[in-house]
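Each remark here refers to the structure printed beneath this line.
Here the chain labels run A, B, C and D in written order, and each chain numbers its own residues starting at 1.
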Amino acid sequence: MIGARRDGFLLAALGAWVLTPIAVLIVRAFAQSWRFPQILPDATDAWPALSAAGTGRVTSALIASLALALATGLFGTVIGFLIARSAVRVGRRFQQLTLAAAFFTVIAPPIALGVGLQVAVLGIGLGGTFTGVFLAHLVPVTGYLTLFAVGVFASFDLSLEDEARTLGASPWQVLSRIVVPLLGRRLGEGLILGGLVSWGQLAITLLVGGGVVRTLPVELLSMVQSGNDQAGAFAALMLSLPPMFAIGLLTVGARRTGASL
Amino acid sequence: MTIRNGLELSHAYVPFGEKTGLEDVNLQVARGERVALLGPSGVGKTSLLRAIAGLGKLSSGTVRVDGRDVTAAPPEGRGIVYMHQSPSLFPHVSVLDNVAFPLEVRGVPRSAARAAATELLERVRLRSAALRQPSTLSGGQRHRVALARALAADPAVLLLDEPFASLDPGLRAEVRDAVVDLLERGDGPAVLLVTHDVDEAAGLADRLAVLLQARIAQIGVPAEVLACPRSLAVARFVGLPNLMRGVRDRRAVVTCALGAFDRPGPPGPVVVTARGGALRVRARQGGATIGTVRGLVDRVHGTAVRIDVDGERLLAVPELGLQLEVGASVDVVVDPTSLHVIEEPADGD
Amino acid sequence: MSRRDLPGLLAAVVVASPVLIGAVYSTLAAVGLVGVGAQGFTLERVIDTLTSSETWSGVAWTFATAGAATAVAVAAAFVLAVRVRDRRFGQVMAMLPMAVPHVAAALAALLMFGQSGLLSRLTYALGLTTAPADFQPLVYDRAGVSLVLTFVWKELPYLTLTAMAVLLVDSRELEEVARTLGATARQTFWRVTWPQLWRGTAPAVIAAFAFLVGQYEMPALLAPSNPTALSILIYERAVDPNLLRRGEAHVLGLLALSISGLLVVAHQWWRARAEPGP
Amino acid sequence: MLGLLAFAIACRSSGPPASPPAGTLAAGSWDRVLSQARGTTVVWRMWRGDPAINAYVDGWVAPRMRDQYGVSVEAVEGQGPELVNILATEREAMAGRPGTTSLVWINGETFAQLRSENLLDGPWADGLPNASLIDSDSSIVSRDFEQDPAGYEAPWGMVQFALIYDSARTPDAPTSISALAAWIQRHPGRFTHDQQFTGMTFLKSVMYGLAGGVQAFQGGFDEQRYRQGRERLFSWLTSIRPFLWRNGRTYPPDVAAMHRLFANGEIDFTMSNNQNEVVTKIRQKVFPPDARALLLEEGTIANAHYVGIPINAPNAAGAMVLANFLLSPEAQLEKQRGDVWGDSTVLDVASLPTPWPSRFEAVARDAAALPRELLASRARPEVHPLYHARLLQDWRQTMRRGTP
C-alpha cells in the first residue's frame, strides 16, 4: 500500500473533473434556451431536442452503432486473439513485426487510415454498405485487440494447451475446455474494448460508409454542425450511455471475479 | 528482558485477513543467529514477516531491533530488510545499480556506492555481470544479486521469505551456499527465514520455530525440535517417523511396541517416537524385539527398511551387509535413551 | 512456426494491409496520378505542401498541443494511478470519459470555456467580468487551452488505466523491496514507481500522442484558425474548391502517416531496448 | 496483401443491374422512365445539416414518392467538395461498376467540378415533364454561377445570402457596406464571419458591392478584375479587422459556431446563405424571437441549387422521377412554407395553372421573413466559381494568417 495514500481531496477533484462536462451536457440537452449570462437555463424542455433529433433517425443510427460495435467486438476479439496467439508462439522477429503492424493500425491517423480503407472497401464493391463499414471498423478494432491479447497471453501459460493435448484432448476440446474458460473474462473485456473502439469511429465511417451508413457519431456530428446544441447534447448523451453501461459491466465483472482492472 | 542486539518480537498478534492469524508470538533472534520459521501454508508466516518489516500491521505487540522499538517506524526506518520469495530486482537499472540502490538512498555518493556494490557482487561471484540488465540473469544469479543488494543495506535484521522455493534442487544448493557464505562473515544480521522445508531449515538455521494453529508450537535448536517434538502435531509436521502408541504406568515405566523403559511423568497413554536412525535392524539372534520386513526404501543417505512390529509400522536402518527379504523376521534394536515420549495420547485413543 | 499459426499470421497481414493500400494510393494521389484533380505526374503538390510555412506552423502547433496534452495527461494519470489505484470510485471515474464521444467532449468544452460559456457566466455573476469579451479567450485561442484540456479529458482514462495495470502487475513488490532496503516513500516513488510507470506506459503514451496528432473532431470545434491544426489542413485541402490542390491532402496525410510510422519505430526500438532477448 | 486480394475477389459483388443512363432515358418516353423506376430505391446525397430540410425530405417527399411512384428515397450525407471526392473515388475504385449514388444536390462550384471531372450524366433535365414550369427567364435560375446547366442538372430551389441580427439588441443595424464598417468600428469585437462557404459568400457580396456591382465580375473569370476586387475587399477588411471579434486574429470555424456565438450574445451578427434560416432557427429556439434577416443595400448573393445524376448512378430512372417530383408545384409550394423550409421556388409562379398562383401567394409569411419584393430587388447572381476558389485561397493565405 506504499505510495497509495488515501487522498479524499484527489478523488473529489477527479470526480468533479470527470462529471462536470457530463453534467453540462445533460443540462444543455434539457435546456430550450441557455443564453449568456444565465448560470442555469430558464426554460427546460427536452421535447425540442427529441423532435430535432428526429427520433426515428437517431434510433436507427443507435441500432446501426450497436450492431457494428457488437459485430466488430466479436470478430475483432476472435481475430485479435488468433493473431496474438500465433505471434506469441512464433519467433521473436515475427512477433515484433506483427505487433508493429497492429500498433500501426491503432495509431495511424484516422484520416490517413480512412483513405486506404475507403479504396480497399470500394474496391471490393462494398462502399456505402453496412458490411463495408463493418470490415473497415474491424481493422482498428483488431489492431487494438491484438495488442490487448498479446498482453493477455504474456501472462498465460501456452504450455497448458500442449499438456491438454498429451492428455488426449482434441484441438477443439483444448479450445473449448482450456483456452476459452481460462481466458473467459479477458475475452469479455476484449469484446467490450473492441465495441468501444468501433463505437467512437467517425472519420472511417464517413469515408467508407459514404454517408449512407449512419451511425450515432455521424448523426451527432451533423447535429453539432447545424448549430443545434440542444439536439447535439441530447445525441451526445445517447451516444455515451451504452459505453457507460459497458464500462459498468467491466467494473462489476472485475469486482465479482476479484480481479483488478 | 530486552535484548541489546538483533530482533525481538514480543506478544505479537498478526491479523490474517478477517480472522486472527498468529497470536502472542514471542521471538528473539540475535545478531549472527539464523532462525527458521516452519509451518504449514496459510498459518501466517508471510504475514508475520511482512508485519516485522513494516509492510503489514501487527494488531498488537512490539518489534524491537537492537533494543530500539520500531513497531511504529516506516519500513525504511527499521534496519530490517525483507526479501521476497522471488528476487525482485529493479528491472530498469543494471545489476550494479540494483546493489548500489540501498547505499544511494542513504545518501552515499554514487561512485562510492558503486564501488561498495562491486565489492558485494564480488562476494556473490557476480562481478562480471555488474553492467548487465537483471532480465538477462539466470534464476540463481538473480537470487545472489538480491542477496548482495540486501546486504548492501547493512541490515540489523534480514527476513527471507521462502528464499529457495522457486529454485530447482541444483540451484537451491547454489543459493543456499551463497547465503551461508555471506552470513558466516563477521557480525552479520539477525536472520529470520520462512520455509516449509524441514531439511532445509534444519541445515541452515541455528534454531527452528514451528508455527502451528496460530501459535509458536515449539522453538529450539534443530536437533531438539526434530528429535523431541513437544506435541504430536509438531512431530507430524516435521515428518518424524515411528510414532508408536504407548502407555505409562504408575511406576513411570513406558511400554510400547519396542518394549518398556523408564521415563518419569504422569501415568496414562502417550506417544513414543524414535528418529529413523535410532532404530536398527539386524539378523535374528534373539534378545531383541522381533519385526517383520515390509519393504525397502532407498534414500539419499542410504537404504531404510520398513518393518512391522506388533502392528506398528516403523522405519529403521539395516546393519551393513544385512540381506533383507520381504516377510523375513528380523531383530529390532533400539537404545531406550533415544526414544522420546510425547505427553499426549495417540489419535483414536 | 507451425501450420496452425498460419491463419493468425495471415490475419495480421490482412488487417495491416489497408494501411499499406492507403499509403500507396495516397502516394499516387500526391504525385497527381490518381484521385480528384489528377492531371498526370507532378511533384508540384509535394513541393508546394512541404515548403509551405502554413504546413509547418500547423504541424508545430499540432505537436505542441498534442504534446502538452499528453504530458499533462501522463502526469495526471501517474498521480491517479499511484494514489487511487485501490479505490473503485477512482477507477470508475477514471474510465468514465471513455464513454463520451470526442465531438461531445468538444461540445461540452465549448459550453464551459467559451467567452459566453459557463465559466465566463460565473465570473460575470461574481462581477469579475462585465461582458463575454472580458473573459480570457480559451476556445479558438492560439494557446489552445480548451483544446488541450479536452484532449487531456479524453486521454486521461486510457493512460490512467494503463498506468494502473502496470502498477498492479509489476510494481508493488518492487516498491516494498525498495522500502525495506531503506528508501523513503519519496525515494521509492522517484527511483522505482516512476521508472516502472514509464517503462510500462511508453506504448500507451506514444499511442495517445499519435492519436491526438491525427484527431479531427476536437480541433474542428475548438482550434483557432491560425495556426491551423494538421488535421484541419488535411480536411481543408481534401475539400479545396481548387481540385488541383486536393492532392495536397494526400501529401499531408502521408506526412501524418510518416509521423505515426516514426512513432511506431521509436516504440519498437524502445521495447527492444527495454526487453533484451534471452 | 494476397489474403486481402483473395478476399476481395470472393466478396466482389456484382451489384444491382444498372438502369440505362439518364441521357438515354431522357430521349425515350416518360412512361418508360416511370415504369423502370417503380419498385426501386434512390440514394440521394445532400447536405443533412438542417433539421428543417431533413424533415421536408424524409417526412414529406419520401412518403409521397413511395405512394405515388413506388420509389423509395434514401437521403444521405454528402455535399459540395466532399461529394466530388466520394463520386471520384467510387468511380476510380469500383472500376466501372455502378456507384452508390443516384441523385446529388449541387450547384456552382460543385457542378463545375463534377462536370470537369466528367462525373455527371446527361443531358436529361430538360426532358422532365415539369421542366416546362421552371422560371427560365430568371437569371438566377437559368445560370448556375454563370454556367449553363445544359440539362446536366435540374433546378430545385433558390436562396439568398442574409445577415442575421437581433432587432431587440441591435436596433441600429447597418444596411450598407460602409455603414456596416462604421458600425463594426463603433462596436469592437461584435462582428466576424466564418472560414467556410457562408463566410466566403459574405466576402464575395462585399467584394461585388465595393466594386460597384456584380457586373464588374460577370462574363467569366478575369485575373485582372479579380485582383482589383480583392485589393478593395482586403483593404476594407484590413480597416475593420482590429475591430472584429477577437481582433480578427481568429475566426469561427463554421457557420454553426457563428450561430452559437450570436445566440450567446458574443457577437451581434451571424449570417446564412438562406434568408429564411432565421425563421426556422427562431422556431427551434436556437435564436432569440427578435432575430431578423438583413440584406445589404448593395445587394447580396442569391443562387439557385440543383439536383444532378452521377455518371455511375445505379438508378437513373428513379432519380429522374424524383427530380421531376421535386419540381412539381405541390412539392415546391410545401418547400417554400416558412414553417417547413422557406426555400424559394424556381417555378414561374405566374404562369402556373390555377389555383397554384394564389396558393403560392398565400404561403404564410412569417414575421421574421423578408418580403419577396425586397429579396428580388437585392438579389445578385453568382459569378464564375473560380472567383470563389481564388478568394478562399487568398483569404486563408493573407487575412487568416495575419500577413497581408
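As a working rule, a contact is a pair of C-beta atoms (placed from the backbone, for glycine too) under 8 Å apart; a residue touches a chain by one contact, two chains touch by 3 or more.
Just so we're clear, the structure is a prediction, and the values are computed from it rather than from any experiment.
Counting hops only between chains that touch, subunit C reaches subunit D in a minimum of 1.
Common neighbours of subunit A and subunit D under the contact rule above are C. Counting C-beta pairs in contact, the chain pair with the largest number is A-C.
When chain centres are defined as mean Cα coordinates, B lies farthest from subunit D. Between subunit A and subunit C the centroid-to-centroid distance comes to 17 Å (mean Cα coordinates, whole Å). Chain geometry summary: the mean Cα position of subunit B and that of subunit D are 89 Å apart. Subunit B and subunit C have Cα centroids separated by 56 Å. Subunit A and subunit B, compared by their mean Cα positions, are separated by 54 Å. Residue positions of subunit D with contacts to 2 or more other chains are 4, 7, 89, 92, 257, 260, 264-266.
Touching of two or more other chains is recorded for residues 11, 13, 17-18, 20-21, 116, 132, 176, 179, 185, 221, 238 of subunit C. Counting only residues that touch two or more partner chains, subunit A has 2, 35-36, 119-120, 224, 229.
In terms of which chains touch, the assembly is arranged in some other way, matching none of the line, ring, star or all-to-all patterns. Pairwise, the chains that touch each other are A-C, A-D, B-C, C-D. Residues 170, 173-174, 176-185, 187, 191-192, 195-196, 198-199, 274-276, 278 of subunit C are the ones that touch subunit B when the two sit in their complex. Contacts from subunit A toward subunit D in the complex involve residues 32-33, 35-36, 43, 48, 52, 54, 57, 118-120, 122-128, 206, 210-212, 214, 218, 222, 224-231.
By the touch rule above, subunit C contacts subunit A in their complex via residues 1-2, 4-9, 11-13, 15-23, 25-26, 79-80, 82-105, 107-109, 111-112, 116, 118, 120-122, 124-125, 132, 153, 161, 164-165, 168-169, 172, 175-176, 179, 185, 188-189, 193, 203, 206-207, 210-211, 213-214, 216-217, 221, 231, 234-235, 238, 250, 253-254, 256-257, 260-261, 263-265, 267-268, 271-272, 277. Chain contact summary for the complex, subunit B toward subunit C: residues 53-55, 74-76, 78, 80-84, 86, 88, 90-93, 101-102, 105-106, 133, 135-136, 149-150, 152-153, 159. Those residues of subunit A that touch subunit C in the complex are listed here as 1-7, 10-11, 14-15, 17-22, 24-25, 28, 35-39, 79, 82-87, 89-92, 94, 96, 98-117, 119-120, 136, 138-139, 142-143, 146-147, 155, 171, 196, 199-200, 202-203, 216-217, 220-221, 224, 229, 232-233, 236-237, 239-244, 246-248, 250-251, 255, 260-261.
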